[in-house]
Amino acid sequence: MPIVTIQVTREGSKPGNDAVTADEKAQLIAGVSQLLLDVLHKPLASTFVVIEEVDTGNWGWGGLPVLAYRKQLEQKPG
Amino acid sequence: MPIVTIQVTREGSKPGNDAVTADEKAQLIAGVSQLLLDVLHKPLASTFVVIEEVDTGNWGWGGLPVLAYRKQLEQKPG
Amino acid sequence: MPIVTIQVTREGSKPGNDAVTADEKAQLIAGVSQLLLDVLHKPLASTFVVIEEVDTGNWGWGGLPVLAYRKQLEQKPG
Amino acid sequence: MPIVTIQVTREGSKPGNDAVTADEKAQLIAGVSQLLLDVLHKPLASTFVVIEEVDTGNWGWGGLPVLAYRKQLEQKPG
Amino acid sequence: MPIVTIQVTREGSKPGNDAVTADEKAQLIAGVSQLLLDVLHKPLASTFVVIEEVDTGNWGWGGLPVLAYRKQLEQKPG
Amino acid sequence: MPIVTIQVTREGSKPGNDAVTADEKAQLIAGVSQLLLDVLHKPLASTFVVIEEVDTGNWGWGGLPVLAYRKQLEQKPG
(Lines give C-alpha, C1' and ligand atoms only; values in the text may rest on other atoms or scores of the structure.)
Protein backbone atom coordinates (compact mmCIF):
# COMPACT_ATOMS: atom_id res chain seq x y z
CA MET A 1 0.00 0.00 0.00
CA PRO A 2 2.78 2.49 -0.42
CA ILE A 3 1.99 6.00 -1.59
CA VAL A 4 4.77 7.81 -3.40
CA THR A 5 4.48 11.52 -4.09
CA ILE A 6 6.95 13.03 -6.54
CA GLN A 7 7.08 16.83 -6.61
CA VAL A 8 9.01 18.43 -9.45
CA THR A 9 9.05 21.82 -11.09
CA ARG A 10 6.89 22.09 -14.20
CA GLU A 11 9.72 22.25 -16.73
CA GLY A 12 11.02 20.25 -19.65
CA SER A 13 13.96 17.93 -19.08
CA LYS A 14 15.63 19.07 -22.31
CA PRO A 15 15.52 21.93 -24.80
CA GLY A 16 12.24 22.02 -26.69
CA ASN A 17 10.21 20.52 -23.85
CA ASP A 18 8.39 22.80 -21.47
CA ALA A 19 6.94 20.15 -19.21
CA VAL A 20 7.50 16.63 -17.99
CA THR A 21 6.30 14.40 -20.83
CA ALA A 22 3.77 11.58 -20.56
CA ASP A 23 6.54 9.12 -21.32
CA GLU A 24 8.78 10.49 -18.56
CA LYS A 25 5.87 10.29 -16.12
CA ALA A 26 5.29 6.67 -17.09
CA GLN A 27 8.99 5.94 -16.48
CA LEU A 28 8.84 7.55 -13.03
CA ILE A 29 5.73 5.56 -12.13
CA ALA A 30 7.19 2.28 -13.39
CA GLY A 31 10.58 2.86 -11.78
CA VAL A 32 9.44 3.78 -8.33
CA SER A 33 6.79 1.05 -8.20
CA GLN A 34 9.45 -1.50 -9.18
CA LEU A 35 11.77 -0.11 -6.49
CA LEU A 36 9.15 -0.74 -3.82
CA LEU A 37 8.67 -4.25 -5.13
CA ASP A 38 12.41 -4.93 -5.11
CA VAL A 39 13.24 -3.41 -1.74
CA LEU A 40 10.11 -3.97 0.36
CA HIS A 41 8.32 -6.70 -1.66
CA LYS A 42 5.29 -4.50 -2.18
CA PRO A 43 3.18 -5.79 -5.09
CA LEU A 44 2.90 -3.34 -8.01
CA ALA A 45 -0.86 -3.37 -7.62
CA SER A 46 -0.67 -1.95 -4.12
CA THR A 47 1.47 1.10 -4.88
CA PHE A 48 -0.02 4.50 -5.73
CA VAL A 49 2.15 7.19 -7.28
CA VAL A 50 1.16 10.86 -7.48
CA ILE A 51 3.25 13.28 -9.55
CA GLU A 52 2.84 16.93 -8.62
CA GLU A 53 4.18 19.51 -11.05
CA VAL A 54 4.86 22.83 -9.37
CA ASP A 55 5.22 26.11 -11.29
CA THR A 56 8.74 27.46 -10.99
CA GLY A 57 7.35 30.65 -9.44
CA ASN A 58 5.88 28.54 -6.63
CA TRP A 59 9.12 26.77 -5.79
CA GLY A 60 11.67 28.39 -3.52
CA TRP A 61 15.29 27.50 -2.94
CA GLY A 62 18.05 29.48 -1.29
CA GLY A 63 15.52 32.04 -0.10
CA LEU A 64 14.52 32.90 -3.69
CA PRO A 65 12.14 31.70 -6.38
CA VAL A 66 14.06 28.84 -7.96
CA LEU A 67 14.80 30.47 -11.32
CA ALA A 68 16.36 33.47 -9.56
CA TYR A 69 18.35 31.16 -7.32
CA ARG A 70 19.72 29.15 -10.25
CA LYS A 71 20.81 32.37 -11.95
CA GLN A 72 22.61 33.40 -8.77
CA LEU A 73 24.38 30.03 -8.58
CA GLU A 74 25.55 30.32 -12.19
CA GLN A 75 27.01 33.75 -11.58
CA LYS A 76 29.07 32.66 -8.61
CA PRO A 77 32.73 32.33 -9.40
CA GLY A 78 33.83 28.68 -9.07
CA MET B 1 -8.21 21.65 14.01
CA PRO B 2 -8.20 18.67 11.73
CA ILE B 3 -6.89 19.00 8.20
CA VAL B 4 -8.32 16.57 5.67
CA THR B 5 -6.72 16.26 2.25
CA ILE B 6 -8.67 14.37 -0.40
CA GLN B 7 -6.71 13.46 -3.53
CA VAL B 8 -8.69 12.16 -6.49
CA THR B 9 -8.11 11.90 -10.19
CA ARG B 10 -9.52 14.78 -12.22
CA GLU B 11 -12.38 12.87 -13.82
CA GLY B 12 -16.13 12.94 -13.91
CA SER B 13 -18.07 10.55 -11.69
CA LYS B 14 -20.50 9.72 -14.49
CA PRO B 15 -20.81 9.95 -18.27
CA GLY B 16 -20.98 13.54 -19.44
CA ASN B 17 -18.89 14.92 -16.57
CA ASP B 18 -15.19 15.40 -17.04
CA ALA B 19 -14.38 16.64 -13.58
CA VAL B 20 -15.57 16.51 -10.01
CA THR B 21 -18.49 18.95 -9.85
CA ALA B 22 -18.87 21.82 -7.40
CA ASP B 23 -21.79 20.00 -5.84
CA GLU B 24 -19.80 16.80 -5.35
CA LYS B 25 -16.99 18.81 -3.77
CA ALA B 26 -19.47 20.42 -1.39
CA GLN B 27 -20.76 16.97 -0.44
CA LEU B 28 -17.24 15.72 0.26
CA ILE B 29 -16.49 18.77 2.40
CA ALA B 30 -19.75 18.49 4.33
CA GLY B 31 -19.47 14.74 4.80
CA VAL B 32 -15.94 14.57 6.06
CA SER B 33 -16.36 17.58 8.36
CA GLN B 34 -19.45 15.96 9.85
CA LEU B 35 -17.52 12.70 10.29
CA LEU B 36 -14.87 14.46 12.37
CA LEU B 37 -17.59 16.07 14.45
CA ASP B 38 -19.33 12.73 15.01
CA VAL B 39 -16.27 10.62 15.75
CA LEU B 40 -13.84 13.02 17.43
CA HIS B 41 -16.17 15.86 18.47
CA LYS B 42 -14.26 18.39 16.37
CA PRO B 43 -16.39 21.50 15.74
CA LEU B 44 -17.15 22.08 12.05
CA ALA B 45 -15.47 25.48 12.28
CA SER B 46 -12.13 23.94 13.18
CA THR B 47 -11.85 21.51 10.26
CA PHE B 48 -10.10 22.44 7.01
CA VAL B 49 -10.61 20.30 3.91
CA VAL B 50 -8.42 20.48 0.81
CA ILE B 51 -9.43 18.64 -2.36
CA GLU B 52 -6.60 17.96 -4.79
CA GLU B 53 -7.54 16.89 -8.30
CA VAL B 54 -4.72 15.05 -10.03
CA ASP B 55 -4.53 14.59 -13.79
CA THR B 56 -4.87 10.93 -14.71
CA GLY B 57 -1.46 11.07 -16.41
CA ASN B 58 0.06 12.06 -13.07
CA TRP B 59 -1.45 9.18 -11.12
CA GLY B 60 0.21 5.79 -11.12
CA TRP B 61 -1.16 2.43 -10.06
CA GLY B 62 0.12 -1.05 -10.72
CA GLY B 63 3.35 0.41 -12.10
CA LEU B 64 1.46 2.21 -14.88
CA PRO B 65 -0.35 5.49 -15.47
CA VAL B 66 -3.79 4.79 -14.08
CA LEU B 67 -5.72 4.75 -17.36
CA ALA B 68 -3.33 2.14 -18.78
CA TYR B 69 -3.64 0.11 -15.58
CA ARG B 70 -7.43 0.16 -15.66
CA LYS B 71 -7.38 -1.04 -19.27
CA GLN B 72 -5.08 -3.89 -18.24
CA LEU B 73 -7.42 -4.88 -15.41
CA GLU B 74 -10.42 -4.94 -17.76
CA GLN B 75 -8.64 -7.21 -20.18
CA LYS B 76 -7.74 -9.79 -17.58
CA PRO B 77 -9.87 -12.87 -17.75
CA GLY B 78 -11.96 -13.27 -14.60
CA MET C 1 -7.85 5.47 -6.21
CA PRO C 2 -8.52 8.30 -3.82
CA ILE C 3 -6.04 9.03 -1.08
CA VAL C 4 -7.44 10.68 2.04
CA THR C 5 -5.07 12.10 4.64
CA ILE C 6 -6.56 13.04 8.00
CA GLN C 7 -4.32 15.11 10.26
CA VAL C 8 -5.43 15.55 13.85
CA THR C 9 -3.74 16.45 17.10
CA ARG C 10 -2.68 13.48 19.21
CA GLU C 11 -5.29 13.85 21.93
CA GLY C 12 -8.16 11.92 23.37
CA SER C 13 -11.67 12.82 22.29
CA LYS C 14 -12.97 12.62 25.84
CA PRO C 15 -11.71 12.65 29.44
CA GLY C 16 -9.61 9.59 30.21
CA ASN C 17 -8.36 9.14 26.65
CA ASP C 18 -5.04 10.63 25.67
CA ALA C 19 -5.06 9.59 22.03
CA VAL C 20 -7.38 8.74 19.19
CA THR C 21 -8.52 5.17 19.87
CA ALA C 22 -8.29 2.25 17.46
CA ASP C 23 -12.07 2.20 17.28
CA GLU C 24 -12.27 5.90 16.42
CA LYS C 25 -9.65 5.40 13.71
CA ALA C 26 -11.66 2.54 12.26
CA GLN C 27 -14.76 4.78 12.22
CA LEU C 28 -12.87 7.53 10.41
CA ILE C 29 -11.55 5.05 7.83
CA ALA C 30 -14.97 3.48 7.28
CA GLY C 31 -16.78 6.79 7.12
CA VAL C 32 -14.56 8.57 4.68
CA SER C 33 -14.24 5.54 2.39
CA GLN C 34 -18.03 5.26 2.33
CA LEU C 35 -18.30 8.97 1.54
CA LEU C 36 -16.10 8.55 -1.53
CA LEU C 37 -18.21 5.61 -2.62
CA ASP C 38 -21.43 7.56 -2.15
CA VAL C 39 -20.35 10.83 -3.75
CA LEU C 40 -17.86 9.80 -6.45
CA HIS C 41 -18.67 6.09 -6.84
CA LYS C 42 -15.13 5.08 -5.86
CA PRO C 43 -15.03 1.41 -4.79
CA LEU C 44 -13.98 0.89 -1.17
CA ALA C 45 -11.07 -1.24 -2.37
CA SER C 46 -9.53 1.67 -4.25
CA THR C 47 -9.44 4.18 -1.41
CA PHE C 48 -6.40 4.60 0.86
CA VAL C 49 -6.73 6.50 4.12
CA VAL C 50 -3.78 7.76 6.16
CA ILE C 51 -4.32 9.17 9.64
CA GLU C 52 -1.53 11.40 10.91
CA GLU C 53 -1.51 12.22 14.61
CA VAL C 54 0.42 15.39 15.36
CA ASP C 55 1.73 16.27 18.82
CA THR C 56 -0.02 19.35 20.18
CA GLY C 57 3.35 21.10 20.46
CA ASN C 58 3.81 20.66 16.73
CA TRP C 59 0.47 22.20 15.78
CA GLY C 60 0.09 25.93 15.51
CA TRP C 61 -3.05 28.04 15.39
CA GLY C 62 -3.53 31.74 15.87
CA GLY C 63 0.24 32.22 15.82
CA LEU C 64 0.68 30.04 18.91
CA PRO C 65 1.11 26.36 19.78
CA VAL C 66 -2.45 25.11 19.81
CA LEU C 67 -2.78 24.52 23.57
CA ALA C 68 -1.69 28.09 24.26
CA TYR C 69 -4.12 29.37 21.63
CA ARG C 70 -7.05 27.45 23.10
CA LYS C 71 -6.27 28.87 26.52
CA GLN C 72 -6.25 32.36 25.03
CA LEU C 73 -9.64 31.77 23.39
CA GLU C 74 -11.15 30.57 26.66
CA GLN C 75 -10.00 33.67 28.49
CA LYS C 76 -11.55 36.07 26.01
CA PRO C 77 -14.70 37.68 27.31
CA GLY C 78 -17.73 36.59 25.26
CA MET D 1 17.12 20.49 4.54
CA PRO D 2 13.79 21.79 5.65
CA ILE D 3 10.81 21.56 3.33
CA VAL D 4 8.11 24.15 3.83
CA THR D 5 4.76 23.75 2.08
CA ILE D 6 2.45 26.76 2.08
CA GLN D 7 -1.12 26.07 0.99
CA VAL D 8 -3.34 29.07 0.33
CA THR D 9 -6.49 29.71 -1.61
CA ARG D 10 -5.95 31.01 -5.13
CA GLU D 11 -7.14 34.56 -4.53
CA GLY D 12 -5.76 38.05 -4.63
CA SER D 13 -4.71 39.69 -1.39
CA LYS D 14 -6.39 42.95 -2.35
CA PRO D 15 -9.02 44.33 -4.74
CA GLY D 16 -7.88 44.06 -8.34
CA ASN D 17 -5.72 40.98 -7.79
CA ASP D 18 -7.17 37.56 -8.46
CA ALA D 19 -4.16 35.51 -7.44
CA VAL D 20 -1.11 35.58 -5.26
CA THR D 21 1.41 37.73 -7.15
CA ALA D 22 4.96 36.74 -8.06
CA ASP D 23 6.22 39.38 -5.67
CA GLU D 24 4.14 38.07 -2.79
CA LYS D 25 5.39 34.55 -3.49
CA ALA D 26 8.97 35.80 -3.43
CA GLN D 27 8.28 37.46 -0.05
CA LEU D 28 6.84 34.25 1.36
CA ILE D 29 9.85 32.25 0.14
CA ALA D 30 12.35 34.78 1.48
CA GLY D 31 10.56 35.18 4.81
CA VAL D 32 10.12 31.55 5.69
CA SER D 33 13.64 30.60 4.57
CA GLN D 34 15.03 33.39 6.77
CA LEU D 35 12.89 32.16 9.68
CA LEU D 36 14.44 28.70 9.45
CA LEU D 37 17.88 30.26 9.36
CA ASP D 38 17.14 32.43 12.40
CA VAL D 39 15.42 29.80 14.53
CA LEU D 40 17.10 26.53 13.58
CA HIS D 41 20.28 27.78 11.87
CA LYS D 42 19.36 26.08 8.60
CA PRO D 43 21.34 27.60 5.70
CA LEU D 44 19.15 29.29 3.08
CA ALA D 45 20.57 26.92 0.45
CA SER D 46 19.17 23.89 2.21
CA THR D 47 15.55 25.01 2.49
CA PHE D 48 12.95 24.16 -0.16
CA VAL D 49 9.64 26.01 -0.23
CA VAL D 50 6.59 24.86 -2.19
CA ILE D 51 3.57 27.14 -2.54
CA GLU D 52 0.33 25.37 -3.40
CA GLU D 53 -2.55 27.53 -4.58
CA VAL D 54 -5.90 25.82 -4.09
CA ASP D 55 -9.08 26.88 -5.91
CA THR D 56 -11.62 28.24 -3.47
CA GLY D 57 -14.07 25.55 -4.57
CA ASN D 58 -11.58 22.92 -3.42
CA TRP D 59 -11.12 24.37 0.05
CA GLY D 60 -13.56 23.56 2.80
CA TRP D 61 -14.08 25.26 6.14
CA GLY D 62 -16.94 24.99 8.60
CA GLY D 63 -18.37 22.09 6.62
CA LEU D 64 -18.81 24.29 3.53
CA PRO D 65 -16.82 25.43 0.52
CA VAL D 66 -14.86 28.36 1.89
CA LEU D 67 -16.67 31.15 0.01
CA ALA D 68 -20.01 29.92 1.31
CA TYR D 69 -18.60 29.68 4.82
CA ARG D 70 -17.26 33.23 4.74
CA LYS D 71 -20.64 34.51 3.60
CA GLN D 72 -22.25 32.68 6.50
CA LEU D 73 -19.79 34.22 8.97
CA GLU D 74 -20.49 37.71 7.66
CA GLN D 75 -24.22 37.27 8.10
CA LYS D 76 -23.98 36.21 11.70
CA PRO D 77 -25.02 38.90 14.10
CA GLY D 78 -22.07 40.01 16.28
CA MET E 1 14.92 20.08 -6.68
CA PRO E 2 12.53 17.19 -6.61
CA ILE E 3 10.94 16.15 -3.35
CA VAL E 4 9.93 12.51 -3.08
CA THR E 5 7.73 11.37 -0.21
CA ILE E 6 7.42 7.63 0.35
CA GLN E 7 4.67 6.56 2.73
CA VAL E 8 4.67 2.95 3.86
CA THR E 9 3.22 1.02 6.74
CA ARG E 10 5.58 0.52 9.68
CA GLU E 11 6.18 -3.20 9.17
CA GLY E 12 9.04 -5.50 8.42
CA SER E 13 9.50 -6.72 4.86
CA LYS E 14 10.16 -10.27 6.03
CA PRO E 15 9.65 -12.50 9.07
CA GLY E 16 11.74 -11.35 12.02
CA ASN E 17 11.70 -7.68 11.02
CA ASP E 18 9.10 -5.40 12.53
CA ALA E 19 10.07 -2.24 10.69
CA VAL E 20 11.70 -1.00 7.54
CA THR E 21 15.45 -1.41 8.14
CA ALA E 22 18.08 1.30 7.78
CA ASP E 23 19.51 -0.59 4.83
CA GLU E 24 16.14 -0.78 3.08
CA LYS E 25 15.64 2.94 3.63
CA ALA E 26 19.06 3.64 2.11
CA GLN E 27 18.10 1.53 -0.91
CA LEU E 28 14.85 3.43 -1.37
CA ILE E 29 16.67 6.77 -1.13
CA ALA E 30 19.40 5.70 -3.55
CA GLY E 31 16.98 4.13 -6.02
CA VAL E 32 14.51 6.94 -6.29
CA SER E 33 17.21 9.62 -6.46
CA GLN E 34 18.88 7.69 -9.29
CA LEU E 35 15.52 7.39 -11.07
CA LEU E 36 15.09 11.17 -11.07
CA LEU E 37 18.60 11.54 -12.41
CA ASP E 38 17.98 8.99 -15.17
CA VAL E 39 14.53 10.18 -16.25
CA LEU E 40 14.59 13.94 -15.64
CA HIS E 41 18.34 14.61 -15.35
CA LYS E 42 17.97 15.95 -11.83
CA PRO E 43 21.35 15.95 -10.02
CA LEU E 44 21.43 13.67 -6.97
CA ALA E 45 22.33 16.67 -4.82
CA SER E 46 19.08 18.42 -5.63
CA THR E 47 16.70 15.61 -4.66
CA PHE E 48 15.21 15.32 -1.18
CA VAL E 49 13.55 12.08 -0.08
CA VAL E 50 11.29 11.76 2.96
CA ILE E 51 10.19 8.33 4.16
CA GLU E 52 7.08 8.32 6.33
CA GLU E 53 6.31 5.16 8.26
CA VAL E 54 2.66 4.91 9.20
CA ASP E 55 1.37 2.62 11.95
CA THR E 56 -0.86 -0.09 10.50
CA GLY E 57 -3.73 1.14 12.68
CA ASN E 58 -3.49 4.52 10.98
CA TRP E 59 -3.69 3.14 7.45
CA GLY E 60 -7.02 2.35 5.87
CA TRP E 61 -7.82 0.29 2.81
CA GLY E 62 -11.10 -1.15 1.64
CA GLY E 63 -12.94 0.83 4.29
CA LEU E 64 -11.06 -0.96 7.09
CA PRO E 65 -7.82 -0.65 9.02
CA VAL E 66 -5.33 -2.35 6.72
CA LEU E 67 -4.66 -5.46 8.85
CA ALA E 68 -8.39 -6.18 8.99
CA TYR E 69 -8.68 -5.64 5.25
CA ARG E 70 -5.81 -8.02 4.48
CA LYS E 71 -7.43 -10.68 6.63
CA GLN E 72 -10.68 -10.20 4.73
CA LEU E 73 -8.87 -10.55 1.39
CA GLU E 74 -7.20 -13.79 2.50
CA GLN E 75 -10.50 -15.31 3.52
CA LYS E 76 -12.18 -14.63 0.21
CA PRO E 77 -12.57 -17.72 -1.89
CA GLY E 78 -10.48 -17.46 -5.11
CA MET F 1 -7.04 29.68 5.91
CA PRO F 2 -3.47 28.96 5.01
CA ILE F 3 -1.92 25.66 6.02
CA VAL F 4 1.84 25.67 6.49
CA THR F 5 3.71 22.40 6.86
CA ILE F 6 7.30 22.58 8.06
CA GLN F 7 9.30 19.38 7.70
CA VAL F 8 12.66 19.24 9.43
CA THR F 9 14.97 16.52 10.60
CA ARG F 10 14.57 15.53 14.25
CA GLU F 11 17.78 17.07 15.51
CA GLY F 12 18.91 19.73 17.91
CA SER F 13 19.86 23.15 16.57
CA LYS F 14 22.92 23.32 18.80
CA PRO F 15 25.19 21.06 20.86
CA GLY F 16 23.36 19.54 23.80
CA ASN F 17 19.96 19.53 22.10
CA ASP F 18 18.79 16.42 20.32
CA ALA F 19 15.50 17.74 19.05
CA VAL F 20 13.73 20.92 18.08
CA THR F 21 12.74 22.54 21.38
CA ALA F 22 9.25 23.68 22.34
CA ASP F 23 10.49 27.25 22.27
CA GLU F 24 11.90 26.90 18.76
CA LYS F 25 8.62 25.38 17.60
CA ALA F 26 6.72 28.31 19.07
CA GLN F 27 9.04 30.70 17.23
CA LEU F 28 8.46 28.90 13.93
CA ILE F 29 4.69 28.98 14.45
CA ALA F 30 4.69 32.66 15.41
CA GLY F 31 7.04 33.68 12.62
CA VAL F 32 5.33 31.96 9.75
CA SER F 33 1.84 32.99 10.89
CA GLN F 34 3.03 36.60 11.09
CA LEU F 35 4.55 36.29 7.60
CA LEU F 36 1.19 35.25 6.15
CA LEU F 37 -0.45 38.17 7.91
CA ASP F 38 2.15 40.61 6.59
CA VAL F 39 2.31 39.37 3.00
CA LEU F 40 -1.20 38.09 2.28
CA HIS F 41 -3.20 39.76 5.06
CA LYS F 42 -4.33 36.42 6.46
CA PRO F 43 -5.55 36.78 10.06
CA LEU F 44 -3.48 34.83 12.58
CA ALA F 45 -6.60 32.94 13.62
CA SER F 46 -7.02 31.45 10.16
CA THR F 47 -3.53 29.96 9.76
CA PHE F 48 -2.72 26.39 10.74
CA VAL F 49 0.90 25.29 11.10
CA VAL F 50 2.03 21.67 11.27
CA ILE F 51 5.63 20.83 12.16
CA GLU F 52 6.76 17.38 11.08
CA GLU F 53 9.99 16.08 12.57
CA VAL F 54 11.56 13.38 10.44
CA ASP F 55 14.19 10.94 11.75
CA THR F 56 17.51 11.50 10.03
CA GLY F 57 17.45 7.91 8.78
CA ASN F 58 14.21 8.69 6.95
CA TRP F 59 15.56 11.75 5.15
CA GLY F 60 17.52 11.39 1.96
CA TRP F 61 19.72 13.90 0.19
CA GLY F 62 22.28 13.39 -2.54
CA GLY F 63 21.11 9.81 -2.96
CA LEU F 64 22.08 8.94 0.61
CA PRO F 65 20.60 9.07 4.10
CA VAL F 66 21.26 12.64 5.14
CA LEU F 67 23.89 11.94 7.82
CA ALA F 68 25.97 9.96 5.31
CA TYR F 69 25.57 12.73 2.75
CA ARG F 70 26.71 15.42 5.16
CA LYS F 71 29.78 13.37 6.01
CA GLN F 72 30.54 13.07 2.31
CA LEU F 73 30.20 16.83 1.83
CA GLU F 74 32.57 17.53 4.72
CA GLN F 75 35.23 15.26 3.27
CA LYS F 76 35.22 16.93 -0.12
CA PRO F 77 38.19 19.18 -0.66
CA GLY F 78 37.10 22.82 -0.99
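When the chains are written out, they are named A, B, C, D, E and F in that same order, and each has its own residue count from 1.
We adopt the following convention: contacts are C-beta pairs under 8 Å (C-beta built on N, C-alpha and C of every residue); 3 or more make two chains touch, one makes a residue touch a chain.
Chain by chain, the UniProt names read as follows: A, B, C, D, E, F = 4-oxalocrotonate tautomerase.
What you see is a predicted model; the values in this text were computed from it and never measured.
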Shortest path length from chain D to chain E (each step joins two touching chains): 1
Where chain A and chain E overlap in contact partners, by chain label: C, D
Winner on C-beta contact pairs when C-E is weighed against D-F: D-F
Shared interface numbering between chain F and chain C [over half = same, under half = different]: different
Relative to chain C, chain with the most remote C-alpha centre: A
Gap in Å, rounded to a whole number, between the CA centres of chain C and chain A: 29
Cα-centroid distance, chain E relative to chain F, in whole angstrom: 22
Gap in Å, rounded to a whole number, between the CA centres of chain D and chain C: 21
Sites on chain A at which at least two other chains make contact: 1, 3-4, 7, 28, 32, 48, 50, 59, 61
Arrangement of touching chains [line / ring / star / complete / other]: other
Interchain pairs in contact, sorted by label: A-B, A-C, A-D, A-E, B-C, B-D, B-F, C-E, C-F, D-E, D-F, E-F
In the complex, chain A residues that touch chain C: 1, 3, 48, 50
Sites on chain F touched by chain D in the complex: 1-9, 13-14, 20, 24, 27-28, 31-32, 35-36, 38-42, 59, 61, 66
Chain A residues touching chain D - in the complex, by the definition given at the top: 7, 54, 57-65, 68
Chain F-touching residues of chain E, taken from the complex the two chains share: 4, 22, 25-26, 28-30, 32-34, 44-45, 47-53
